[in-house]
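As structure tokens, the structure follows; a few thoughts come after it.
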Amino acid sequence: MCHLADASYPLTMSRSSKVLAALTLVVALGAAGCSDDSSTTATNDSTTTAASTPSDTCTTEGDITVSAAASLTESFTAIADDIEEECDGADITLTFDSSGKLSEQILSGAPVDVFASADEKNMDKVEDDQASTPEIFAKNNLVIVTKPGNPEGIKTLADLADAGIVALCAEDAPCGNFAGQALESANVSINESNVTRGENAKATLAAVAEGDAVAGIVYVTDALAAAESTDSVEIPESNNVIASYPIARINGPGSSELAQLFVDRVLGPEGQKHLKDAGFLAP
Amino acid sequence: MSPNPNPRAPLPIKVLAGLGVVLIVLPLAGLIQRAAWSSLFEDLSSQAALDALQLSLLTSLAATALALILGLPLAWVLARSKLRGRSIIRALVLVPMVLPPVVGGVALLSAFSLRSPLGGWLHDVFGLQLTFAPAGVILAETFVAMPFFVLTVEAAIRQSDPRVEQIAATLGASPAAVMRRVTLPTVAPAIGAGAVLAWARALGEFGATVTFAGNVAGRTRTLPLAVYLALESDPNAAIALSLVLLVVSFAVLVSQRERWWNNQ
Amino acid sequence: MSLNLSIKKSLSERFCLEVELSTPPARTLAVLGPNGAGKSTLLNALAGILAIDEGCIELDGRVLDEPRSGTWLTPDQRNIGFVAQDLLLFSHMSALDNVAFGLRCRGMSKTQAATRSTEWLNRFGLEGLENRKPRQLSGGQAQRVAVARALATDPDLLLLDEPLAALDVSVRHQMRRELRGWINEYSKPTVVVTHDPLDALILADDIAVIESGRLTQIGTVTQVSAQPRTPYVAELFGTNLIGGTANGNEVAAGRATIVSAESNEGPVFVSISPNALSLHASQPTTSARNCWSARVSEVSMAGQSVEVKVQTQEGLDLRIGITPAALAELDLQPNTNVWVTAKASQVQVYAA
């Protein structure tokens, strides 16, 4: 056996690692619980559908993963909920992040069946993985968000140059790219040491809504979703950048039928209504 | 058959143990395999990388110092005092070890952002703003790293016999002298180990930092943040920076190997 | 220099130490008592590790602890040497630095403290071990370092807590003799806490017995060992202790009568050494004034001799020491009937 002085450390570590292990277990169980839930309901439902209920209109079933730009969080969640409600056997997993991150993931082989990007550049990056021709389904504008009540009195893009810390998306995220274009067209340059970079539109917004960033540039849709915790200042049309959102099926492991249904829904009137509610412009 | 002092593990145990190793080693090997060795030096000597490296070193060392200054007395109190509710305090202090760092960041925001009473007061009275400032990074890193230090040192103090300190006192040592000449030297190895652990944890800190201190080039963009940001724009640089973190982590563990696998 | 104390210290609702005693100058007091009697509490109170609740501790006219007047000296203000049972050497320091620690705390320069400590180590036969860490020392060597460390500061009082308990039996005798020598050279009061009567007999001048937090007997080593006043002390020193009432040469103890050479009156203790009792297989014809019929209850070996426990018909429990040869001759088993005799001159009677 070892002597006491040395024995002390692993002893306490093992206690803490037990806690860690327990916690990991809880998390894992939680996660397992979730996926179990959906998969069991999916299988249960498919058997019931096959056996008894020749359900109503929708018979599409299967699992798909949809990767969408973070700004689509609210509208796509609503669309996916609609489909899962109508189609008993459908299970849709949604992933939201910056389009740059998502295209990178698809390129490195992530199992994705539908990709909705906030710009055409990132859609083009995954050209080889596309299973359908990309179609523009929505457009979005940029807007300046400020603290509630706009305490710094920000009126134009130029005011951002010396306002303090400004939150922008990472340069490779579409919202960061577009914000850069907008600032450039307005001839405004913000010192990079006054810029905090959010990894996507939502994180950028959070730096203003929750953190101490004075202002930020995000999509109109994001500002609308956070209207309670931020104010927004319009960017004049001349300097604004219209973001076009393309959607396409991707060669993924999921049901291509369900993937097509999802794409159709986004382009169709029901999906467009959700997008409009979220503040998107029609394509 | 000759007697084997080491009992042979059943096959399923060997297989699972092997898989466990693979699970950890494979991604690390992938990282090394993906590295663009030829441009490694260039990737690491870009201004952005150097800024992140410098900031990370500075803030992680400052966080370690802070964890030491505050954590040592804390460890002593937890190990020695008869304070009521001591176990509750210990649990609270160790919470950051198991809390998702992002949650830690949100918690720090609610305590120190300009809109919080304390953060607002600090700003109004001292002109001090922690968010988007290196000081905020230090605070976030201390928040997540200090528990490692406290846990390590508290265990060591708990192990050391308080009667040795009493003997020192009977020999004429004042309480301060007892602390300086007996208590601290006795737990010195643990202080070193705790500081190294805390430093490594601070160096790798991401979630609390990005949430609380933001992601400002040169001011709060530490190594892990730079890695995350560069992942799309400059994957080679991201991997080069990741390698730096990997080497540091490995070095830390090797330096502490006697503490981890001490019964060899 | 002398130590006077009168202390009351309760450690829990059930245990309270209440002791009054004083040691004459330069005498060594052994504190004997069963486990949990309060011996260590007493030492800790003297060292200043524990504060007493009531009373006073006075060393050479200096008050160390007196709650009533609010006097309290911390351990570092008391100038006391303490050798703990498990030595508690500073594990991160060399033997030399251990001894030098107290001197350095008193402001002595590093070189001077080192010179002085080397002298101490040499005196204790530890030449060449100056740079050893405690874990590199043998039990006996570590013991010497611990004592040297305590004595190096020239304390006004030396406290030894079970000083030989941690040692192997093989070195314990040697160390006990050495310790006796060091204590003799040290010309100030010493308190040795022990549960080994041999320690008390060899190291101490006086013995104080503490049982359940109370002082039950105090006196010179000779007095206490020859005239025990509690069953614990009698057991410790291996004598037979019987309480009774004296009337001239006879002491009535229950149904038994014990005859002594001296004449006494009133409540007394009777002490008879096990070796003063003789065992006989049949009723002896003897000049011994005490002769009892008894039954053997237990036979055991104690060192080189045999101890036989008997109970007389009158109800006296006695232990008797005999030689192994006598045991073989008498063929003693539990329940064997025997006769026990004792000369009146071997019976010690003293007032209770």
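For reference, chains read A, B and C in written order, and residue numbers begin at 1 within each chain.
Throughout what follows, a residue touches a chain if its C-beta (ideal position, glycine included) is under 8 Å from a C-beta of that chain, and two chains touch if they have at least 3 such contacts.
Note that the coordinates shown come from a computational prediction; the quantities given were computed from them, not determined experimentally.
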Touch graph components, with chain B removed from consideration: A | C
| item | value |
| --- | --- |
| Chain with minimal offset from the mean of all protein Cα atoms | B |
| Approximate Å spacing (C-alpha centroids) for the pair chain A, chain B | 31 |
| Chain B and chain C, separation of their C-alpha mean positions in angstrom | 54 |
| Mean-CA-position distance for chain C and chain A (Å) | 82 |
| Chain C partner contacts - residues on chain B that touch it in the complex | 161, 163-164, 166-174, 177, 181-182, 185-186, 188 |
| Complex interface listing, chain B residues touching chain A | 94, 97-98, 106, 109, 113-115, 119, 129, 131-132, 151-152, 154-156, 158-159, 190, 193, 210-212, 214-221, 228-229, 231-233, 258-260, 262-263 |
| Chain C - residues contacting chain B, complex | 47-49, 74-76, 78-82, 84, 88, 90-93, 101-102, 105-106, 149-150, 153 |
| Of all residues in chain A, those that touch chain B in their complex | 1-2, 4-13, 16, 19-20, 23, 98, 100-101, 104, 165, 167, 170-173, 192-199, 203, 207, 210-213 |
